[in-house]
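Two complexes follow with subunit A in common, the first pairing it with subunit B and the second with subunit C.
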Partner chain A sequence: MSTTVASRWYVVRLFSERIALRLPVAALLWLAATLALLVGIIAFSLTVGSQPTSLDEVWRTLSGETVSRTIDNVVWEFRFPRALAAALVGAMFALSGAALQNVTRNGLADPSLVGVSQGAGLAVVALTVLWPDAVGGLRPWVAFAGSLAVAVLIQSLTWTARGASSVRFILMGVGVAAMISACTSVLMTYGQIERVLSVLTWLSGSINAANWADVQMLAVWSAVLLPALLLLSRSTAAMRMGDATATALGAPVRWVRYGLITTAVGFAAIGTAVVGPLGFVGLIAPHAARRLAPSGVGLHLLLTATLGAVLVSLADLVGRTLMAPIQIPAGLVTDLIGVPIFLILLRRAARRTAL
Partner chain B sequence: MKLLIAAAAILGGLLAGPVLAQETRPFEAGNGTIGVPVKPLRIVSLHDLSITLPLVEFGATDLVVGSHGRLEEDKVPYIRGAKELYETSFENTDIVFLGVFNQIDLELIAGLEPDLIIGRFGNDNDVLPNLEKIAPTVLLDQDKLGFFGSMQAVADLGGVLPEYDRQFARYQAQIAEFKRLVPNPADISIAILQPWPEDGYIAANKEYYALSQVLDDVGFSKPDLIAEISDSSLDMSPEFLPEVDADFIFSTYEGLYPDQRSPDEIRAAFEKVVPGYCTVLQACRNNQMVFIPRTPIYSSSFRSLTTAYQQVLTHVAGRAFVPLAK
Partner chain C sequence: MNMIAPPAVTVRTGRWLGLPLAMGIVAATLCLHIALGAKFVPLDVVFEALTHRDPANFNHTIVWDLRLPRALVAIIVGASLSVAGALMQGVTRNPLAEPGILGLMAGASFAVVFGIGMLGLAGNTAIPMMAAGGSLGAACLVYLISRWVPGGATPLTLTLAGAVVTAFLGALTSVAFLLRENAFDSYRVWLSGSLAGRDLSMLMTAGPVLIVALVVAFALARQITALAMGEEVALALGVRTGWLKAQLLVCVVALTAGSVALAGPLGFVGLVIPHAVRLFTGSDYRWIVPYSAVVGAGYLLAVDVAARMMFRPAEISTGIVTALIGAPIFVYLIRKRSR
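Entry: the complex of A and B
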């Protein structure tokens, strides 16, 4: 491997230059900075909470020493998996948003805005209310099926003889999301109260119940979906110039589109299955990544993932500690941050397109 | 090497210590057969009305180290039911406030080092894997256990079953006394209705905790529409109001909630949902509509049952009334 450092670009040459990447230094620096910030937030998360723990106790616990059974439990079983789960679902929702924005070429696409999260939510609520004994391990698969069904529905409604329109995709998505939310409300209204209440917290996006099994599931799915998304990034870059140009450049447009939608749905569905719908992360993180450091698709995805992880980690930390012992669901915090940002983006888009 | 083995043995002993210190027994719960301490000393309750309150009522307050609670309007946490019926609160006991509904602080529970955690099957399933790391966790399937079964299970877990048995026997004596005073309860119909003007419906309740338990145990009848409900209540369109008319109608007010603080506010709520409701209902026209405070008759508690019993006895057995025309 040989590398060349230019003033604004970092060039990576691999396998006798069969693979060569020119990466913007600013984006790399931001990626390093956000990764450092994420590690800092996770480290801080391990030391704060309702149960007083000193930095030394946390360090000794992480080193394998048993300070006390309580601190072992608090650090190993609650804070650590929770912090990791928050970071992973943040990255997943962010990547889902980025993939949707790439496939629709619309900066307002977000899994919670176009119905993908709601699809997962409806499927899980239906399962919980109608077949409560079957919830357990089925939840991620049911969530995935719900999200996928919505994505296919929106795609089929959007697709016309003249091709797909990104504005139509968003509008259809908003409409379908509203319809799905109404169905969820019906189930919540007429379902048995105890069953309904049990999904209420999940619906507001809570990471309170995260454990190592959840972390394992999120990590495995991230390890499957992230490389797939990165593999698609070269063709995605070509598609930024329009389908015709991308086809002329040799990109398999149709397959890339299916691939992007599948990975976007996968990320959102798995994240939703574990912690419930987290609004606006998929909207904020890709935009923030773009504003911080313009870069190619691949690096943008990595920066988006770390920003999403930072956002949700921070939201969960705030939700966990601000009004302790009451646990504010991270989804409520991301909504509080996300809605103003969404309105700002909408206003800017309106100015640009004179909508 | 010897040093390592000795250290491992000491560590093992320390970890196993708390487990070995307590004798355990199997307990059939909603989440399976759980090994619970025979005499628990530090209980965490994940629900105030149905778990903390019975423990308080049966004299096990000192065993409860932490409880789910609720927030008053000024954000002061309280234990619903225990506060109103026994003046037991987070302030005047060592019970630690753990959070509100489905937003319980798990690490606070870990810090309390409980030897038993009691929650509700269905509601607390998501946090069960986390709770099991702290202490034996029993999730009671309250739907299957029913009103008394649930209280009995809590008393059994808390090691205060004799007190439950004593209070249950007393309650049965009260019901027998009621039946002596009202020999024909099935001929008297009683409905429990609650207006919700903001949502535009009236809740017709088949189950209403202690109040409905007393009514059922005495043997009163219900309007057909309510008797046929498969769930605990029906959110009824106001146009069905005449269908749930009865000899007596009970409705409750609750001092904690805005617009529900007094009988007058509940009457106003009925009026808002159905203008002129009192002319529609024979029970109301004949002053047989009864407004009583909610929490004292709403809890999983023998004191609640006694309060409900006295209210019903006073209003139904204690005076002449105009029966609903069949």
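Entry: the complex of A and C
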């Protein structure tokens, strides 16, 4: 086994060069750094709140010791599941955005901008308002169906004789999102007030109410969807060069596209089902990952996921501490951060393709 | 036997005849609007109330104090928003231009919410002024963003900039709401675009401004036709384009701000009506602008009737109905353009 340093990549050669691995050092370092940052944010978010807790007390509580009944309760029942849910949801929205951007080959695609999140929103609001007796476990499935329907609708509307294209997809998404939001508003005004109130905070993208059941659901679905996305990522690399090239290289383009749409919708739908629509995370994280370090598709996805987790954890932390005791839903914070970044991306995208 | 009718003359009489016809339809819708509601007022009672008011008659009170103000608001707001949309489509040469889509509504709503909540302003003059400031700021912001993007202010960049500014201001408005929850409870309905519970006091302040802006729009219509053919054509025809654009901006801001102050943000009205009108009038703004005013007034009256009657006894906001009708048309327009 020997190792050589090539300018940006670290190449590992095994078994007299029968297997050679190119390791993007910068990307691996960034991955480690963002993971450390994530752990730091989660640790900090466990200490702040209406019941201030020292880092030492948090650590002892997490390692199983009972410091005091209150702290034990606060950390285990409220702050820890909330922090984990924020991180998981951030990773899911980020991955959804990355997959959508790969399918549409449009750097401006984001589940909340093109109506996929709104589709999940409408489905969940409909379930809560019209059939309140339905089982809560149905929620992710209903959200998934709603998102998928919207994704299919937009894709079919965008596709014309000249083929599907970039910015039109976004504009179409804006229109469809407006209509779906109007439908949601109908349900909100027409529905019974107590049922409506129960979905109101959810709709602005709030992680307040996250509990262990939510964390469990997010973790299970991530464990299913993330490997699927990583499996698809090999063909995605070929598809970046255009459909014709990808087909020539032996990638099953059509099936990969269906697969990517389904996983993108899945990630966005499960995330939305738990915390509500969170805007712009799926837009920012993939771009930031690409800017930070050039890497292969798989590592790019992992870096995207950790960046998304950092972003939403931070948004949730800022939202609940900045104006305490008033809690600003994380969705609003990500909107406020996301818009300026979207504009910068729009400027860069326009320069390259001249819209 | 002469088979060839003079086409130009036919079209012209058609356009002239269409206007009173449209006004007649608006008048009929107005009567319907006043008659229908939680309590049905028969049409002959409506006429009687409008001509000989009897303060002791309960039906007459309903007509004069509840239904008529609301109908007047619907008429003037529908006309204003449609004309504002027509003007914007002419100036930007963007078929998707509309006060809602290009962010002017979000600017006005945010300014009103911010002014009431943070600065403690209120009242019939302060609210329209704040709305005007907000929509002017948003208009400039959207224009600057779309200029800043390489490629310039194309329909696509304008629409994207509008959508993004709307998202940003919407989030800021929600934050303002969260910070002063109690102060805003009564504005929740207003913010979804509603004509419910309007009284005449705001109409007294905002109405005259809107009427002046409408008259100015009629006066400028001829030059917009030139402008819509392109900047060079307009200059060659002797239009001072810079001055005209400034006048139109003031006009659009006044129309939007007055409408938002009266009825909250009503999306897509300014998009739908000018396009519908164009089917009949062609591309001459001397006809598009007045027809937009009349048809827009009738449209909003009809939408308001639908909003009140669809889910009785609950009432959904008028803004929701206009979005439900307008968004599919928006999607259709994008699809048609990109073919």
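Brief remarks on what is shown
Operating definition for what follows: the second predicted complex is superposed on the first by the 326 of 355 C-alpha atoms of A that agree within 3 Å, B and C clash if a C-alpha of one lies under 4 Å from a C-alpha of the other, contacts with A are read in each partner's own complex, and residues count from 1 in each chain.
Basically, a contact is a pair of C-beta atoms (placed from the backbone, for glycine too) under 8 Å apart; a residue touches a chain by one contact, two chains touch by 3 or more.
What you see is a predicted model; the values in this text were computed from it and never measured.
Superposition of the two complexes onto subunit A shows a clash between subunit B and subunit C.
By the document's definition of touching, neither partner reaches A:138: not subunit B, not subunit C.
In the overlay built on the shared chain, the residue A:347 is in contact with subunit C alone; subunit B does not reach it.
When the two complexes are superposed, the chain touching more residues of subunit A, out of subunit B and subunit C, is C. Residue contacts after overlaying the shared chain place A:26 against neither subunit B nor subunit C.
Within the superposed three-chain model, A:324 lies in touch with subunit B and out of touch with subunit C [touch as defined at top]. By the touch criterion defined above, A:189 lies against subunit B and subunit C together after alignment on the C-alpha atoms of chain A. The superposed model puts subunit C in the path of subunit B at one of 95-103, 113-121, 167-175 or 239-247, which is 239-247.
Of the residues of subunit A, those at positions 189, 326-329 touch subunit B in one of the two structures and subunit C in the other.
Residues of subunit C touching subunit A in their complex: 96, 145, 148-151, 154, 156-157, 159-161, 163-165, 167-168, 170-172, 174-175, 178-179, 192, 267-268, 311, 314-317, 320, 323-324, 326-328, 330-331, 334-335, 338-339. Those residues of subunit A that touch subunit C in the shared complex are 108, 113, 157, 160-162, 165, 167-168, 170-172, 174-176, 178-179, 181-183, 185-186, 189-190, 204, 279, 323, 326-329, 332, 335-336, 338-339, 342-343, 346-347, 350-351, 354-355. Every residue of subunit B that touches subunit A in the complex is listed here, in rising order: 11, 14-15, 18, 71, 97-108, 110-111, 113, 120, 122-123, 125-127, 129-130, 133-134, 142-143, 231-232, 235.
Residue ranges of subunit A in contact with subunit B, taken from their complex: 49-51, 66, 69-70, 73-74, 77-79, 132, 135, 189, 192-195, 197-198, 200-202, 206, 208-209, 211, 213, 324-329.
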